[in-house]
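Next up: some structures, all given as C-alpha cells.
You will see two complexes here that share chain A, one where it goes with chain B and one where it goes with chain C.
For the complex of A and B:
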C-alpha cells in the first residue's frame, strides 16, 4: 500500500517535472514577449516527432543526442517563427493580434505534421530506457522517470542561473520590467525576443521527447499539452519558474493518481482541479 | 432610414429562405444549412470578440452543449424536437451565466484560454458519462422513435431566416443605448466605466447572447446530421472556423464575418473537388488567417470598403 503510493507519487512528480518545463517555457515567453504563445503545444509535439525521426534513422542513438537534436531543431523553428511572424504581430497595439497569430501558426504546424507523418499515435523508445529499472530500498524505479526527474531539475537550475547570473538574463529581466528604458540603455529587444522564443521552444521539445517516451505522441497531442502548460502558468503565478514547477507537480500527481482509479478519465481531473482552484481563488478574491 | 432597410432585409431574407427551401435538392440544402450555421457562429464570435472585446477560445463548449441538450431532451421526452430547438439555446444561455461569472475573473488571454479549458472539461464529461451518451455518441430518436422523414427543407428555412433575423437584431442592438455603450466600452473601457457603463454586466450580456447563438447553431447543425458525439461536438475546429472567418473577413463589422464565411466555403469546396485532403485545407486557412492578421489586422472587409470610399469619394457606411 505504502509502496504503491510512494511509486504513484514518484511517477506524479516526474510527470509534473515535465509539465513544469513546458509551463516555464510559456511563462518565459509571456513574461518577456507579453505574448501567450498558442503554438507552444506544437513545439512539444514537433520535438517528439524529431526524436521519432532521429531514432528511426539511427536506432542506437543515445538519449542525450536525441534530446539535443530535438532541442536544436525546435529552437531554430521557434526563433524563425518569432523573427518572421510573431515579432511583426507584436508591433500592433492590440495584444490579441500576436496571440491569434500564434494560434494560426499552431493550426498550420499541426496540419503540416498530420500531412507529413499521418495522424496516428506513435511510440518512442530510446535505447531501451523505458524497460530498464533501478531497485532502491525494496522499491523499483524506472530508468526513464529518473532521467526525466534529472532533466527537469537540470532545466530548472539552468533556467534560474541563466536568468539570474548572465548578461542575457539581466537583459531579459530589464526587458520584462521596463521595456522602454531597457531599449534606451542599449538592450536589443528583438534579438532578446528571438533568443527567448528559441529557448522556450527548445525546452518544450525536451519535454515533448520525454512525454512521448512515457506514453505516445500524435500530431494532435499539442493541444492538450498547451492547455496543461497554460494551467501550470496560471496556478504557478506569472514569471515564477519555481511556481511553475510546483504547479506542474500538483497537476502531474493529480493525473497519475486519477488514472489509477479511473483509467479512461484522461485529463478530466487535471482540468477540473485547475478549474476548482480557479473558482476558489475567484470567490476568495485572490485573483485579479 | 434604418427602419425601412431592416424591414426590407427581413422581407428579402424571408422570401429567399422560403424560395431556397422549396427549390434546392437535399444535398444542396445540407451544405447551405451548414453555411448558415457557420455564418451564425461567426457572427456570435464576432459579437463577443469584435464588439465586446472578449476573445474566447472556448465557444465550441456552447455549440456542443446546444447539440447535446437538444438530443437528450428530444430523445427522452415526447415533446417535439422543434420545441427543443427553441428551448435549448435559452437553457444554454442560462448555463453561461455562472460560467461567465467565474471565467470573467481571468483577463484577456487568460480568459481566452480559460474558456478553452471549460470546453475541454465539458468534452471530457460528455465522453466519460454514459447517461450523457458516452463515447458512442447519440442518434437523434425523437420520443424514442427513429426519424422517418428528413426535415432538411424546414431546417434550412429556419437557419436562413434565423440568420437574417439575427443580423437585423444585431443592427438594432448596436444602434441602441446598450449597443453604443458596448462600442464605447470596447474602444475605451476606463472611459466608458467613468460614464457609468457597468463593464461586467455588459460583458456578461454579450457572453450570454453569444452562448445562445452558438447553442442554436449546434442544435440546428446536429439535427441535419442526426447523430452527435463528444469528439465532434466539442472539437476545436468549430472554434477555429468562427475565429478564422471573423478575422479574415473583419472583426467588429457585421459584413466581415459574412465575407469570411463565403471565402471559407469557396476555398473548402474548391479544394475538396480538386482532391486535396482536409489537412491541406486547414494549412491554407491558417496561413490566410496569419497573413491577414499581419498585413491587415482589421480584416479584408474594412480594406475593401475603404478603397471603395477612396475611389468614389463617397462616405458610405
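For the complex of A and C:
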C-alpha cells in the first residue's frame, strides 16, 4: 500500500513538473508582458513537432539535443512573433488587443502546422528511455518521468536564478513593477519583452517535447495544453513562476491519483480541483 | 551654450493646456528652483523633459542637441534623470538593485560607494525592499537611483512632499552636495524657501508658463508670492 502510494505520488509529481513547465511560460508572459498569450498552446505543439522532425531526420540524436533544438526553434519563433506583432499590439492600452492578436497567431500557427505536417497524431520515439526504469527500495521509477522531473527542477532553478540574480532579471522585475520608470532608468522595454517572449516559447517547446514522449500530439493539441497552462497559472497566482510549479504539482498528483480510482476520468478531477479552489477563493474573497 | 534649453514648449492633457509656450535655459552646474501652485504645470514639465510625455509643440535641447520628444531612453542617454513625485521605486527589487538598475552606462563620480557615502542609511538597508523603508529613506533611494546614472541634469519633482522637516533638511543637504559636485539641478518643491536656498535661480510657473524668474539671491518674496498665486500673470 505504502509502496503504491509512493509510486503514485512520484508519478503525480513528475506529471506536475511537466504541468509546471507548461504554466511557467504563460506565467512569464502574463507576469511581465501583462499579455494573456493564447498562442502558448500552439508553441507547445510546435515544440513537439520540431522534436518529432529532428528525431525523424536523425534517429540517434541524443534527447538533450532534441530538447535544445526545440527550445531554440520555438524561442526564435516566439521572439519574432513578439517583435513583429505582439509588441505593436501592446502599444494599445486595451489589453484585449494583444490578447486577440495572440488568438490570431494561434489560429494561423495551428493551420500552418496542419498544412505542413498533416492532421495526424504523432509521437516521439525516444528508444529505450520510455521503457527504462530504476528500482529503489523495492519500488520502480520510470526513467522518462525522472527525466521530466529533473528537467522541471532545472527549468525552475534556471528561471529563478535568471530572474533573481542577473541584470536581465533585474530589468524584467523593474519593467514588471513600473514600466514607465524602468524606461527612465534606461531599461529597453521592447528588447526585454522580446527576450521574455523567447524564453516563454522556449519553455513551452520543452514541455511539448516531454508531452510528445508520453503521448501522441496533433496540431490541434494546443487548446487542451492551453487549458492546463491557464489552470496552473491561475491557481499558482497570476505571473508567479514558483506558484505555477506548485500548482502544476498539485494538479499532476490529482490527475494521477484520480486515474487510479477512475480509469476514464482523464482530466475531469484536475478541472474539478481547479474549479473547487476557485470557488473557495471566491468565498473567502481571495479570487484576485 | 546652455546645458539645457527649452524653447516654446507646449503640452496638453486632452483639451487642457498644461504647458503653454514655456521657454527657459539652464547652464552647466546651475541649480534652478521651479515653484508654482498646484496645476501650474511643473510635474508636466518634468514628465516632458524626461520623455514620459510628448510635447505638442516646442523643442528641448541638451548641449545643443535636440532631444527626441516623448522618448525616455533618449532623455536618459542625453543625461536627464528624474526623481519622480512619490518616489516610485521598484518594489520587487532590493534597495541596492534599485540603485544598480539606475546605472545607465554613463560614467561619473556617482558610483554605488559614493551614493552610499551620500546616504549611509541606504547601505544599511541595501538588502531590503523599498516597502521596508520610511518615506525619507525611500526619497534618498530615489535620488540615489537617479544619481547612479551620473546625470547632467537631475530633475527633482516635489522633493519634500510627505517628508518631515528634519528629513527634508537631510535631503537638501544631500542635494547641495550633488550641486557642489557639478550636477545641474531643477528642483520642483512646494517649499519655496528651502528650494530657493540652494538654487542659483528661481522660476515661478503659473498656468503652464514661467511668469517670474530671478536670481535666487535677489528674489523678492512679495513678487514671488504674487507670481505664485498668478497675481502678476
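The rule we apply is simple: the second predicted complex is superposed on the first by the 286 of 288 C-alpha atoms of A that agree within 3 Å, B and C clash if a C-alpha of one lies under 4 Å from a C-alpha of the other, contacts with A are read in each partner's own complex, and residues count from 1 in each chain.
One rule holds in what follows: contacts are C-beta pairs under 8 Å (C-beta built on N, C-alpha and C of every residue); 3 or more make two chains touch, one makes a residue touch a chain.
Model, not experiment: these values are computed from the prediction.
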- [ ] Look at where chain B and chain C land on chain A after superposing the complexes, then choose clash or fit.
- [x] fit
TODO: Would you sort A:256 into first (chain B), second (chain C), both or neither based on which partner it touches?
DONE: neither
Open item on the list: With both complexes overlaid on chain A, does A:267 touch chain B (first), chain C (second), both or neither?
Closed with: first
TODO: Could you look at A:278 and tell me whether it touches chain B, chain C, both or neither (first, second, both, neither)?
DONE: first
Open item on the list: As a test of reading the superposition: which chain, chain B or chain C, is in touch with more residues of chain A?
Closed with: B
Open item on the list: So in the superposed three-chain picture, is A:234 touching just chain B, just chain C, both, or none of them (first/second/both/neither)?
Closed with: first
TODO: Once the structures are superposed on A, label A:103 by its partner contacts, choosing first (chain B), second (chain C), both or neither.
DONE: first
Open item on the list: Using the superposed model, give me the angle at chain A's CA centre between the CA centres of chain B and chain C, as a multiple of 10 °.
Closed with: 90
Open item on the list: Quick one: is A:174 in contact with chain B, with chain C, with both, or with neither? Answer first, second, both or neither.
Closed with: second
Task: Closest approach of chain C to chain B (Cα atoms, Å) - done: 16
TODO: Flag every residue of chain A that touches chain C in the complex, lowest number first.
DONE: 167, 170-171, 173-174, 176-178, 180-188
Task: Complex contact set, residues of chain A against chain B - done: 30, 36, 38, 85, 88-89, 92, 94-97, 99-101, 103-108, 110-112, 114-115, 223-224, 227, 230-231, 234, 264-268, 271-272, 274-275, 278-279, 281-282, 287
Open item on the list: Applying the document's contact rule, which stretches of chain C touch chain A when the two form their complex?
Closed with: 50-52, 72-73, 75-77, 81-82, 84, 88, 90-93, 97, 100-102, 104-105, 145, 149
Open item on the list: List the residues on chain B that touch chain A in their complex, please.
Closed with: 49, 55, 57, 102, 105-106, 108-110, 112-114, 116-118, 120-121, 124-125, 128, 236, 240, 243-244, 247, 277, 279-280, 282-283, 285-287, 289-290, 293-294, 297
